[in-house]
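Quick notes on the structure that follows.
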């Protein structure tokens, strides 16, 4: 009987368990067995950490958050921190041990669900060690060029939008500015989608460096139109272009300062000072990663999982499953891990946002 | 100042108000005025039924269900039922009156949000009367070939999936079969997406005529595996191929019978008889059309609305806005209204469903 | 080590698993063991159907619907339908067998979660067989006099209210009357609470026989005020007082007719005929029993479970746990099973409903 | 025609609009007129800030968050900050001006919705100026002795519980401790209810000063039982008893430090240091005040509003409406504003929490 091993790596994303469900069920319908490697590659380093995944075990996991394969961030086998009983930590290459266990257990395929870090490791196993690997992309930020969408993203955007909905009423009742910091270190997809859907006045994303003066000007303009509150969505990776006219001291905008309280808090402080409005900030943080996946993400994750098994059947290795329009396609891992997807400044979503009066903190003619 | 008129036609879909919001805001940012025609074309027949739509009026409508333009099914101006004071009804062509009012009020563009019926009327106004028309597609069933997705669909699928989630626990606690009838007269998209996401055992769609024997066989097989309950999702347009071995009387499967109680009730009755299980049916009906649009649908609807205004700016008339991959594009109304999108039997979603053990009631080798 | 056995009987209600969770954890903190009897009393008839419940097993069940103790409606040991291998069914008193197994397994207490039927059986075991029994009330209809509230009720009301919210927008967009049938065979609590919260125009409950003429009059009056749609909530046990002026044939209101299509469908038909409005009906049915309990119900169920264990500690047997104001109290099972709680016609909720313009279909001066 | 004026004061709470809805409808059914005073007492200081509230205007507000009467925190007429055109601010007693306008406009009753501050002002108007006042309690913290429950509380608890549900999966996937700070400056009701319902391991409330050592001990114990993550809920008003063994410097626990980052952040830091676990903190903040009220809160708020109008009808002034068991009752404002409701340490909820293994950070024998 054929045996597959499956692993999840990197930060969690709603839908991971749905991928696992589909892999187990699709393998079962082919009379294959599926084993889960707990804690990333740990199950392939120490085979006690492998668990047999049957349809019974996964029966109810599709709507659940997190991953049944336990904690995810347990390192790269090509440079693994290894601790001895004295507590000393050494960085070691244990990739051969992984490959040996893979072969010894008789696995014919490894389905690796993970972000760009995990997929790169998977690709190295494929090319350097000859492991038959299939990648399933996982990035809650939706910033992978090779696939139209990834699971978890719709859930994160929905959670952020629900938060914006809740903040509207309280902001309005108190004539307040509410600044909400959402995920997005390198790309502003979550901020952009939730900000448009949730009726934000201002959206700040890494792709468009913002000017605090323009933000405050927008807030004051709104006052003239009788709108005395504002909702500002800030991606955690957004940054200011200049703040001379506001800050007494340029060092205020230094990265170190931002890290202390977060960019959201910093923006709130600036708005308070320059627009003179009662301003509060909120960091959504881990709320965006948690919880039950939306219907949309469940479906996408199930499709990814089933398609990965079909790829295994076709021996389509060293590849990653991706969404292309409304269908699945396999792309080379080598290509997939390269391209990050930033928000194009001329994209239809940016145009929509500007059309409906949302300000990005940049100067527009 | 340029003036646009906007209308909504056909059954309602979550997201209509978001389209209106985006049109009003995008027009406002161009210094155009927007007027809404209440009850479909009624505002263009009787200009008392036109309302000025300002940013203030639409400020909070994006998350709301229904349409602020009032009831939608008020007929085709090319063949309009007209009632006199005596209560007599005549079918009349009042399209010239519509066109005259359109011109008289100084509108330079009509944005018509509607299903295939409404879009066909819009196309006739464009070609026969020279009205500058832009269509925005609205079909909760997502069955329009010209666009990857339509707004309202994700909300309907989410509502159906939430219902399935709720039914799982009660079905399991009582060892019951629950049959849920969802929308989809001609295509099975809602049944398919919600059935996969919501963990259905059996999905019945118009594209795959089903055999009751195979359904009952699946339910009995599940019993062998220790699963004593089942969830069956039926699209309202699904139909049986043969039922000789079960029904005493062939007339039972006649369309008339089905119409009385609905296909869901009929399927439940068959399962009860042939599988001998306690079986209940439920019709989701209008729950699927109502309520606040999901984040996904809000965003899509807002993009459609803003893009329609950009099309107006470019005088891109007699066309419909559509989603293509991740971007907007304009397609000819003439082409758009032709193509219905059925579930392709070899599509990835059907493969996924079969891979994870879902039965469509058809014989698979 | 002390051992408790726990059972769930009757229809399922959101919160059953939360009760089980609290019983297991509270027992564990006293170093007691807990065993679950599957399928009502089945585990006490056939000890193979007992399962050991540990904190690990129940770790994640609080937010889940249904009951982990499997199907619930498996009969009364004092009059149990017993099937032999030939398929013949006899009614037998197997209560002694239950009691013998209870003693043999060394249980010192039976916590019985159930409705009035199950609690009556529990009371008989206490008085006739000397079983140390503690009851936990479970009625989704909230119709037990002895306790201010029962778990599951808030979830059912919330589900019904959400449905009403969704129907508002579609009813409004189409100028329609929507009739929604909710649970409540003998009392109208779910209809009343959800109808008030969900903005119904008309609420029909078993406690107030309704007159279809008055309903239609209310709908027509609304038209005069410019409201062209209406939401009607009907408890499944509501009934009409007279329908002569509308129905051609009195037999139409007979119980048999109602059972075929449900009271909701019947009311919809009457409204269509007499008010001449496009009217649709919907039966919420099992949606109300399913799904994750609301926060309110989780808390109440957990409190019930923990309090039952404290009662066991105090040997407070033949009693039922109940909510009194904001605290728990123990009431005699003998008293608890007697009193049903109907909606008092002079209760504050009825007054509130009338005050805000809701019609009950009765003549008010 | 009789005229009522209604005002909302203090921080917003989900359900304010439902109270207003019920007041307007119940007044309308008695042929009374209702006027809303915007921004607390502003409408009674400057009658331009009064708005006529008709059934049409309030038709759809019940499910909405915030208050349609605009921003709420606009001061006490007995000591009002008054600004002149030069921007100078003086504290003035303008209560006579309020009373004069009240009389001049012909109001016969003032329904004041507010927290203890607003209710105290209302009571002073009643006793010192002879204003016929009826109070409606509003405290999201549910800390008023005179009423069993207040609206908004169930929504806040639900929002917090949903957040805990979301954090479980991500905490589990990463073996993390998540610290969540919720509202509750003086009483721990929100923390307690959400912590129990949401499966927290540790709940810290103002009523029980906590010891960081005991918290860390609990987290380590959980590790022994195989649970490598933890959820900690902290009320914003919780405080530590001693931290000598952990903190290098006692000043760390000073109030000033806590105010900078919040008690949640401080607790997270302590856990990180002493339990050596990856720990993150999150402040729910304004998310708890915002959004649509739950069904439970809508109903309670509607009942409060309608009952207030019935009190007006009975000239039951200088009183506050309150929930007593399942019915409404009027209590003297003088008494109502005195009693704060803390969590009793021997209450059933505390017992439940301890029974199911939740730690309060205190030493228990």
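Order of writing sets the chain letters: A, B, C and D. Residues in each chain are counted from 1.
Here is the rule we go by: contacts are C-beta pairs under 8 Å (C-beta built on N, C-alpha and C of every residue); 3 or more make two chains touch, one makes a residue touch a chain.
For clarity, every value in this text was computed on a predicted model and none was experimentally measured.
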### Query
Chains shared as neighbours by subunit B and subunit D?
A, C
### Task
Count the residue numbers both subunit B and subunit C use at their shared interface, divide by all numbers used there, and answer same if that is over half, different if under half.
same
### Message
Using mean CA coordinates as chain centres, what's the gap between subunit A and subunit C in Å?
### Response
42
### Query
Could you state the distance in Å from the CA-based centre of subunit A to that of subunit D?
34
### Task
Could you please state the distance in Å, as a whole number, between where the Cα atoms of subunit A are centred and where those of subunit B are centred?
31
### Summary
Flagged in subunit A as touching 2+ other chains are 162, 165
### Summary
Full set of chain pairs in contact is A-B, A-D, B-C, C-D
### Residues of subunit B defined as touching subunit A within the complex
21-22, 25-26, 28-29, 55-56, 62-63, 148, 154, 157-158, 161-162, 165, 193-194, 196-199, 225-226, 294-296, 298-299, 302-303, 306-307, 309-310, 325-328, 347-349, 351-352, 354-357
### Query
Which subunit D residues qualify as touching subunit A in the complex?
11-12, 14, 16, 64-67, 70-73, 159, 162-163, 165-175, 178, 228, 280, 282-283, 285-287, 289-291
